[in-house]
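The structures considered in this document are given below.
Two complexes follow with chain A in common, the first pairing it with chain B and the second with chain C.
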Partner chain A sequence: MADLSIDLAGIKSPNPFWLASAPPTNTGYQVQRAFEAGWGGAVWKTLGDPIINTSSRFAAVHFNGQRVAGFNNIELITDRPLEVNLKEIYETKKRFPDRAVVASLMVEPKREKWHEIVKRVEDVGVDGLELNFGCPHGMAERGMGAASGQQPDLVESQTYWVKEVARTPVIVKLTPNITDITVVARHAAKGGADAVSMINTINSLAGVDIHTWNTIPHVGGKGAHGGYCGPAVKPIALSMVAECARDSRVGIPISGIGGISTWQDAVEFMLMGATGVQVCTAVMHHGFRIVEDMIDGLNNYLDEKGLASVTELTGKSVERYSNWGDLNLNYKVVARINTDKCINCNKCHIACEDTSHQCIDMLTGADGKAILKVREEDCVGCNLCSIVCPAEGAIDMVEVDSGEVPMTWNERQQEIARLNGSHSEAEVV
Partner chain B sequence: MSAFEEFDKERREIDELLFKGYHVAAIREDLDGAKVTFVMGKPDKGQVTLLLLTADARKYIVTRYMEGKRANA
Partner chain C sequence: MESSRTFNSWSSERLVDNFVEFEPGLTAKGAMEESNRCLYCYDAPCIKACPTGINIPSFIKRIAANNMKGAARSIMESNPVGASCSRVCPTEELCEGACVLNQASAPIQIGLLQRYATDWARNHDVQLFAPGASNGKKVAVIGGGPAGLSAARELARGGFSVVVFEAREMAGGLDTYGIVSFRLPQSVSLWEVEQVEKLGVEIRTGVKVGTGISVDQLKEEYDAIVLAAGMGYVPRIGIEGEELEGVYDAIRLVEATKTGNLPLELAGKRVAVIGAGNTAIDAATCSVRLGAANVKMVYRRTREEMTAYDFEFEFAKQEGVEFSWLTMPKRIISDADGKVAALECIRMTLAGETGKDGRRVPVEVEGSEFEMPVEAVVVAIGQERHTELIDLLGIEHERGVVKIDEATRRTSDPQIYAAGDIIFGSGQGEAMVVSAAEQGKQAAYAISRYFAGQEDSVIETAV
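On to the complex of A and B.
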């Protein structure tokens, strides 16, 4: 059995699964129930001046029978006084001393405001702080959350103010609602952040009711943009984690957040550079006990891989995440259809014929039965046929030796530029 | 003509010129493709220009050029 414990910039927890700052971590009752279920840590729902929420707050995007492919919310930070939260944090930490309890914080971008809340929160024994520079709705209209997080200089200065007084590690939570997340991550690091976490939710409108013409959700006939999360955002979050992990100018640990629902998702984030992960939507969908499967699954995976500690995963795939211009243009894969597993639905043929490179032929086999066959010389290896294929194992993408030396786009352009004696085209970096 | 056949036609033209002893002197790329200038010895001894249209041929010509450079290095 592998060691699942992690140490994120000095914040220790018995496993890498933390609850993200969100409705599941609103109260001591909830967080303690989560810890009973096995969660390694929890980031308390954001503390700040207590807000007033609307009624009707959440919405989900269901896709082709998949419930909650995406989740949208317009709920704000805590609506309870600070002292009430602090009392429950103290009790929770006392009862579960081995779990990580991190307080998410959000106040106006004023030095004295940050100093006040940091001191009061640290006095009850939290293990760390997470600065919420990410919430895109409501609080951003008041100059906090994502409004702060979209200004790198403000992220840096607020982090610096926190670090002036903080005695525990400081995590800066980043908004994805920005062109290049590494810029903000770098400024968080410059401000003294001990770690960054990402991603907070993405600006969203879950839908419009085509019968009533109301937004989804709506509050008495009016709506406002919310924050999107859940499985649909995972690829976006993973890319942002990877971008920060491979940027040496960021250079601080990462807590991965965004659509993580299973232990496999967690492994992917860790391979791409996260030290641990935070989960919200999957818990809101299925409850705290999903962590049991996550712990079991991760344990078994590590055993199968022969790894003694989960920390050995962190960053292992980062070097494989590169720039498009550094990919080998002479690498080649082609599709191969296994006729014994093919159900002749023709989806691959239609997809290829209508939207790709017209290289899957509908033929008749020697036995008179219809077969689908790829003209491999025309196949560009786009993967589309294998993506749309509903029959498991019916289409393999097979690596073929092109017989050519490796050549990236950047190498190609450099060669042409040298040949011509001048630069002909910009490199892709 | 299939995409492969279009490429194969251009590839054979490239291979034929290289086989005859031409070498690549310049590759100019624009909206219409890659204009490749082949020369035999000095430019005045013979010059041929190919306009390569297919992506695979535009990849192939530089691959061949790089291999040639490495072989002569």
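On to the complex of A and C.
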């Protein structure tokens, strides 16, 4: 049994699985149920001036018969009075002292507003604060949430105001609805943030009902953009975590959020620099009990890897995430089809033939059976065939010796410049 | 099998439930899950394994995308009796047997998906096809079974004026009369007939060629004739006692369960079914469902040689049918009233030598005669050929199997084309509805090609 406990900028929890600030952490009843199930921490649904919600709030994207590939919501921050939330936070923390209880906060971008709420929340014994600069809908129209998060200077100053009074660690939650997330992350760090969390939801319209022509979801025939999350957003979140993790100017711990549904997802986020993770859509789909497998699976994985602590994972893949210009252009892989495992669905052939490099032939073997074969000299190693292949182990991408010394684009440009003694094309960074 | 099926009193109404479709169709969710499981193979082996070449991945994709009309159309496009075939095709030996997922997990339930899509069409009153612009040519189709309907539909779509001459009261042939209702409800077949009629095809039922209309008249009035009369009833087995009360023709027995009230004569009786093909299985399961106390199939060879499909055999076993292998009936013994009392049989053994069909020859075991006490005997040893009709048409045949030219689909009379069971020879395994449907299509296309070629030559001459 490995040690699953983490310490995110001073916030400790018995495992890296926290519930994200969202509908599942709306009440003390819910958070306590989650803690009973085994969750290591919870970020309370964002506190602020209570709002009014719409009826009909969520929508999901289903893919090829699978439910909830992506999830969309237009729910706002808490609609319950601050006092009620604070009382329940106090009770929850008292009952589960070993779990991390973090309060998510959102107020108008005014110094005194921030000071007031931070003091009140810290008085009930939270372990940390998370500033919600990410909510993309509703609150943003009122100058809060993503509207703040899209302005690096506002992120910095508001973080600074919070830090003026905060006694507990401060996490700044970032919006993905920007061009370069590292800019905002750097400003949060400059404002004194102890950690950043990402990503909040992505602007989205879940769908249009092709029969009624209404938006999905709609509120009495009208819709507005929501925030997108769930498995579909994981790659976007992962890249943003990785970009911040490898940017030394950010330099603070990361709490990873975005489509995490399994322990494998958590491991990926941690390898890419997250200290811990936050989960929402998966519990909205299946309930709090999914944490059981997350803990168990992570434990087994760490044991198998011979790692004593989950913290050993954090950042281990960050140095492998680089710029395109630093990739070795002379590295070569080719597809190889294992005929014994191939089921002859010919999906690799048609994918390659129609959309890639036309190098998989449909042939007849010596025994008269149909076989698929890659013309390796024409294969560019794009991976497409192995991606579409439904048969386990039927296509391997195999490294082959290109006969060339390793050279990246940037090295190549430098070399050309040296030989020409002149300027070269700009480096690709 | 003195089972709970033995009741004291029998009524047709009580048996009706036994004849409703046995296998449940897919639910909407089931269809969605199964259709999404299809890999959508390129150059898919299931298409090649379908005698009518249904574009299976394409229709399944349409189900997944909720394009039900498109799914039904792509099935019926290739197979005008696609709704019936979804129920009676030996899919394990055809499309599903070829599915690449056999090796990886489990094959896609193509038959059930096909049924789901065609059921949708049946329940939604959609017109899937339209007749072609008239080309002024008339074709007569003899026989309104799968091959005849298939030919008629494709001819109508090609612009021909088509009349189907059907000897029975209703068209649909084997699908309407010859397959047990708990596998294929008659309504399915009649819907397919209706689809063909909607294209302007006239179906004259109750008209027998030779009596209702003469061959000369047909040849005079129609530019081409498609002979698709199928096969007949069970031939005589040639043993003593065949004429006794209590001896049934398997095909007539099945037919009786599909027309009017269910027959009650088998209720409570011990039944011997002679034969081991799919019709024999149908007759056996049918007997069970008609209330027979015990049903035994009597076959002179073994399980290995029986021509019934595996799934049919399994189904019969589940129904409680017993099998008496290596048993040959010698004569049917009557009681004092002239009714069946027993089937005298002899044990057989398989010789080392093989016959013309490659199967080992069964030989009698001397002195092994025994009596099997039964009150009914159902004979299912094949089907008679329509030799009389074929001779009337004056076309060449070999023991009742009409000879055609593969390329032109013509018989020895160039005006007459043929398709379906009437051209199906022995030693070719089991005749399949799906093959008959394909042959019907091919006959129609051959006729289209012929007249198109004629037009071309006319145009050429004119130039």
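The rule we apply is simple: the second predicted complex is superposed on the first by the 429 of 429 C-alpha atoms of A that agree within 3 Å, B and C clash if a C-alpha of one lies under 4 Å from a C-alpha of the other, contacts with A are read in each partner's own complex, and residues count from 1 in each chain.
One rule holds for everything that comes next: a contact is a pair of C-beta atoms (placed from the backbone, for glycine too) under 8 Å apart; a residue touches a chain by one contact, two chains touch by 3 or more.
Predicted model only: the values in this text are computed from it and were never measured.
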Which superposed partner A:330 touches (first chain B, second chain C, both, neither): first
First (chain B), second (chain C), both or neither touched by A:65: second
Greater chain A contact set [chain C / chain B]: B
First (chain B), second (chain C), both or neither touched by A:412: first
Partner chain(s) touched by A:420 [first = chain B, second = chain C, both, neither]: first
Chain B versus chain C as contact partner of A:180, first or second or both or neither: neither
Partner chain(s) touched by A:349 [first = chain B, second = chain C, both, neither]: second
Which superposed partner A:391 touches (first chain B, second chain C, both, neither): second
Set of chain A residues, in rising order, touched by both chain B and chain C: none
Of all residues in chain A, those that touch chain B in their complex: 329-330, 357, 359, 375, 377-378, 380, 404-405, 407, 411-412, 415-416, 419-420, 424-425
Of all residues in chain B, those that touch chain A in their complex: 2-4, 24-29, 59-60, 62-63, 65-67, 69-70
Residues of chain A touching chain C in the complex: 64-66, 343-347, 349-350, 362, 390-392
In the complex, chain C residues that touch chain A: 32-33, 35-36, 39-45, 64, 100-101, 103-104
